[in-house]
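Read through the structures below before going on.
After this come two complexes, each holding chain A, first together with chain B and then together with chain C.
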Partner chain A sequence: MDAGDIGWWGVPIAIVGGAIRVSTPFLFVSLGETITERSGRINLGLEGTLVFGAMTAYAVTVVTLSPWLGVLAAMAAGTLFGLFHGWICKFPRVNDIAIGIALMLLGTGLAFFFGKPFIQPSAPDLPAISLGWWSDIPQVRAALQINVLFLIGAALALFLWWAFRTTRIGLVLRVVGDSSDAARAMGLNPDTVRLLATAAGGALAAIGGAYLTLYYPGSWNEGVSSGQGLMAVALVIFARWNPLGCFAAALLFGGAGALGPALQSVGVTQGYYLFYAAPYVLTLVVMILTSSPGRALAGAPGELTVAK
Partner chain B sequence: MSAIGPSATGKAIAVETIGMTMRFGTFTALDDVSMKVSAGSFHALLGENGAGKSTLVKCMMGFNHPTEGALLVNNREVTVADPNDAAEHGLGMVYQHFTLVPSLTGAENLVISRRNVPRVIDWARERKALAAFMTTMPFDLPLDVPVRDLAAGEKQKLEIVKQLYLDRRFLVLDEPTSVLTPTEAHEVLGLVRQMTLAGDLTVLMISHKFHEVTAFADAFTVLRKGRFTGSGKVGEHDARSMAAMMIGDQPVATLASRTPLVADAPTVLAVRGLEASDRTGLKTIAIDHVEVHAGEIVGIAGISGNGQKEFTEVLGGQRARRAGDIRVKGKPYGATRRETQELAVRFIPEEPLRNACAPRMTVAENIAFRTFDLDAGGRRISWISVAAMKARAAELVAQFKVKAASLASPLQSLSGGNVQRAVLARELSGEVDLLIVANPCFGLDFSAVAEIRARLMTARNGGTAVLLISEDLDELLELSDRILVMSDGRIVHETPIATASVQTIGEYMAGHH
Partner chain C sequence: MADIASRPLATDRPAPSATARLAVLRETLRETLARRAEAVVIPVAALLVGLALFSLFIAALDKSPLQFFELMWRGGFGSWFSFQNALARAAPLLLAALCVALPARLGLVVIGGEGAIVLGALAAAAIAPPLRGVPPLLVIPAMALAGMVVGGLWIGAVGALRHWRAVNETISSLLMTYIAIALMNHLVEGPLRDPASLNKPSTLPLDAAYRIGPLPGLDVHWGLVVGTVVCLAAWVLIDKTRWGFAARIVGGNVRAAQLQGLPVARLTIGFCALAGACAGLAGMIEVAAVQGSANASLAAGYGYTGILVAFLARHNPLAIVPVAILLGGVEASGGLIQRRMDLPNATVLVLQGVLFVATLFSETFYGRFKAFNPDLWKRRD
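Now for the complex of A and B:
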């Protein structure tokens, strides 16, 4: 058998490769959203932040030729979006979900507006590390071409998991997210904590966007996001607000997303497009299976508007 | 800094308020109140529901900002802008509602509430320090499970333990025992009492229970309608003179005498083979057979957490049942709005603010929940008359003595006892054939308790079937015609009141049979 022709083995390898490649934006957005939701607020605007971050990262990289500067610029933009969301939500009778939807549209709109001149030029990519050197099967090598951001994201998930239970900031975040009254009794200001948590969430979501334009697919256009920012919010619930869960869920999502293209690549010509819907079907199935009418959503921060 | 060790070296502090006044809009909740709590004393703060007790202590803790008045700690004036400032001066409080964070473990709750938490917490060390600290406490607490999984009594103990852990020298307890069993209450207050005797702690306790005040406190202050009406040493006053300071010379309701049971009165509520799962989905309650007849009060006794809450919720339509049959006057009953109206069923769950009210809607609206879509004759109407709703609410508020700033204030701004009264006003008015009521007197002052019990008895004498679920055995013995005991999700004992013995009931409650 020729090394390049590995038949059906191509499917699992492509899924693993896809999982790693596609999962990074999901991972960053869902980690960001986990931080925000753990503080008791939902930011549905992360889709807008992601698209705006994608545009910013690409534009800055085109100009400066440094993808890392692009990522930093995206983080700065994401932070601003987060601060804006957190600031508006501070006012009484403002609903975080409604503001999120408005910001989602604003972010995408602004990105399209400012991004027009950057659709043509090309920018350098973020670096990747080849972990497939031990194999001489090209598919394996391609699958194990791992972007640095993925590794950073994985480390970040681990770090957040640790930080939520062993650092002061982590515990404060959980206190505020679970009970504003308790937080106030401790002398914490819930609004400030939520403002900062939303800002951090925005910065991380923007990194997810930077990955899209600077690595995979690797260019800026108006269709760069296919709703990763929104799916990641669902993913957080799926992951039960646990950063490690987010990592697993992001991989699962990425893998499911790679199913369609993988089948197509091994020569399945009919029906493969149905598998493009796999991630969405998967979310629905998992949500239905894990929900129960008689029980509260396990692990949901008590101050979330959806959990109340 | 490391965890605060078990050695309580600080001394109890004296606290005094001078001319405290607190207005909410045009309503004066506190009017020029001066109170003196001397160092190392166990001081009781008494008053009717809505007298302003919680408001006063919240002003001392920096939770409310008094319109006027000063606070002295050890005879020096201090300013408390927020609870942090209060903590700085060694003032701590256990609130009427819990302020522990439900999803955090006990240990996490304790550590994070400390003033100087290190950036990174060394859990191995903290755990050791906590274990050492807990050996100085007279009871044990599971510190490694999320607080939401603790029973009410354990939560209350943890609240108090937390204040002691934080090394507070002046402790306010706002109705600390309303969720505790008598034994637990005794244990907790006993501990606190010991610490005051040793001169380590000063305590200010808000309570409606005279027996607690006489057993544990050494001095008291009374408020009525926001004003100071008296104070003194506990040994020099009896419950009656304290009561007089609380309510003035109003009469206290007396229980109507029990009319004899009507032989073969019709069965109003019949429950058979009922099964449901509890909140966690892990335990099951199974009620084989319960019947309540017209004109009788059936009491259900039990220690909290033995399935009474779930049973009440099923009867109120708030929890799905897995199996079984509930009938009211022979008709299947699923607690829909139509059924409750047709069969004249009323329901008062425990913690009504959370379980039977819309906290942010107004008092008038909350009172109208049962009747807003009906006219005087009980027919459905298509246009709601706000004027009629208000008039009816005004009438009921007067009749049940609900104290509210106005009918248009949100229900949640009422004091604990007045929320209870508002709900009673809603549920006890009109024609009622079946009344399901759980712990109706939680957090009520003595005159309100007397009044509510009198109303339940009157309803019974008038032919209403009453199912009374209560953790207060005295209440059950006073009101019930029959007592059932619930333990571990099952009815384990039944006795008519004539042969009921506290001893036997207590044994069944504790699961010793």
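Now for the complex of A and C:
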């Protein structure tokens, strides 16, 4: 038995590795959505932002050969989408959820429109750090190839958790999210705060997209996203609008997403499609378990439409 | 209410003369027109603004917007051939849009029609082969029923989760779409697979007798008629029955509806189940009239275009019919535009997105224009 043949042990290792690899987009989108939702608005359009960010990052990287410029360009595009959502939702009677659905369509459409010439060429990847040097087993080494964006995301989660609690900006965000009236009484303009919070959310969601095309799976095509942007919105509810909760939830969902490929790698092909659906089922089950009629969700911003 | 109370009672004054009656009639007509005009003018204006924005987009890419719209007209509406193509594409959109419009009466945003379409189609395709030999007059309704029951249960579950567990219906219905497509892929590649379908896993093909044919003299299948009839029925349900009225109250204020003793649970789950039944029926028609068996082509995005149709029609089932034909024409012209103007096929998607945003933005203008205020058109005595 050589080192590469570890049989069923490959499954948990592949799930852990997959969790780290697959979770990064979830992490960034859910952190972005947490900022937006903490301000009292929901942006369902992050799925469109994610796909457009994925395309922008890839296109810019193909042209400039610098993946970090790609990430920056994606952030700029995501900020624009966020600003648009935030601006249009400030008008009375404009529904933030419906606008989100429309932007999902528009963002995806624009990404496919401009991304068509970039389906063929290949772009350099974002760098990864090998933390598996101590092991002889190639699967463990592969699992512990950790992308820099994952580490940045983890640090960002910690930072946001701290910032929501202790900084002035965090406090302003939470006041606006809990009560527009209280915010106005304090002299804050809720629309401006929400505009900026949605822009920040868009920028982070676009980083999630950049990760998809620049690291894993690592190329641009029209099927690059499988609803990560949307699942991340559900994940925020599960994480109770807590950035650290987002980090844990993203890992959990990444692990669920890695279940199908992990089982396939050891030769289990039966029910492949059912395993593929595991993250969606998990999201749904989690939403059913954590939602409750009659009382508002613990930790939910008071102005949020989904929590009302 | 104050308006009615302030009017003098009919018995207070002598019988009005013919000219006075005519004046009253004219006033009522003007008031009604003003009230109705808003619901037509604003959406049409939003559509035009959307088209103008899209023209700017096309012009910015150094292409001619005029050529674009000319090709769109030619590909979707200009000839009898292309208009039939538009009608054929509109057929599934009618039912898919109802899957959004019916729950919208309760204030619910259900966007998971695609899942109900796919599973309804699968159920219809699965029930037909064991019934081989039974007259089509029985089998086709059985297929429709199977599709509607499965679709109804699927979206009904979304309503039930919303009512009893307060699970957000927008997110849950979309998640369930992914699950539905995975379920269909699993069943089509596994237990329900026709061994003869090698490259494209499918269920057993339907007997020719169980297929739905074209309308007499047309190249459009019966789904168009079914969809239109169901839209009419949905309009009657929403606008003319007490259930529709009750649903609108629930949509306006759930607490008020509960205090009134309205059966909120039954209304929520019932409307969602009806919506799902519409989508399931769309899936059944897609199998029986177009595909001939259930396979991965069923997830063609009708459910998503249906969301757009419903929002453009402002969830009015009667308006869904023209809007679905309009968008059917837009989709029908996509191929022509792509070939002639060298634009990617996502162009239609961009156009749809722009129209969607413009329509949603126009919501803010309702009640803002004086011209639409019926009081303005009253006689000043």
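Throughout what follows, the second predicted complex is superposed on the first by the 304 of 308 C-alpha atoms of A that agree within 3 Å, B and C clash if a C-alpha of one lies under 4 Å from a C-alpha of the other, contacts with A are read in each partner's own complex, and residues count from 1 in each chain.
The definition used in the following text is that a contact is a pair of C-beta atoms (placed from the backbone, for glycine too) under 8 Å apart; a residue touches a chain by one contact, two chains touch by 3 or more.
Treat the numbers as computed from the prediction; the structure is a model and nothing was measured.
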For A:93, decide between first (touching chain B), second (touching chain C), both and neither.
-> second
Looking at the overlay, what does A:267 touch: chain B (first), chain C (second), both, or neither?
-> neither
Check the residue A:217 against both partner chains and state whether it touches chain B (first), chain C (second), both, or neither.
-> neither
Does the superposition put A:166 against chain B (first), chain C (second), both, or neither?
-> first
After lining up the shared chain so the two structures overlap, which partner does A:121 touch, if you call chain B first and chain C second: first, second, both or neither?
-> neither
If touched residues of chain A are counted for chain B and for chain C, the larger one | C
Taking the superposition as given, does A:301 touch the first partner, chain B, the second, chain C, both, or neither?
-> first
Please identify the positions on chain A that touch both chain B and chain C, taking each partner from its own complex.
-> 292-294
Once bound in the complex, which stretches of chain A touch chain B?
-> 165-169, 171-172, 174-175, 178-179, 181-182, 184-187, 292-296, 299, 301-302
Contacting residues of chain C [partner chain A, same complex] = 109, 111, 161, 163-168, 170-172, 174-176, 178-179, 182-183, 185-186, 189-190, 304, 307-308, 311, 343-344, 346-354, 356-357, 360-361, 363-364, 366
Which of the residues in chain A come into contact with chain C in the complex?
-> 44, 88, 91-95, 97-99, 101-103, 105-113, 116, 226-227, 230-231, 233-234, 237, 270-274, 276-277, 280-281, 283-284, 287-288, 291-294, 306
Chain A-facing residues of chain B, complex = 63, 82-84, 87, 95, 97, 99-104, 108, 111-113, 117-121, 123, 277, 279-281, 319-320
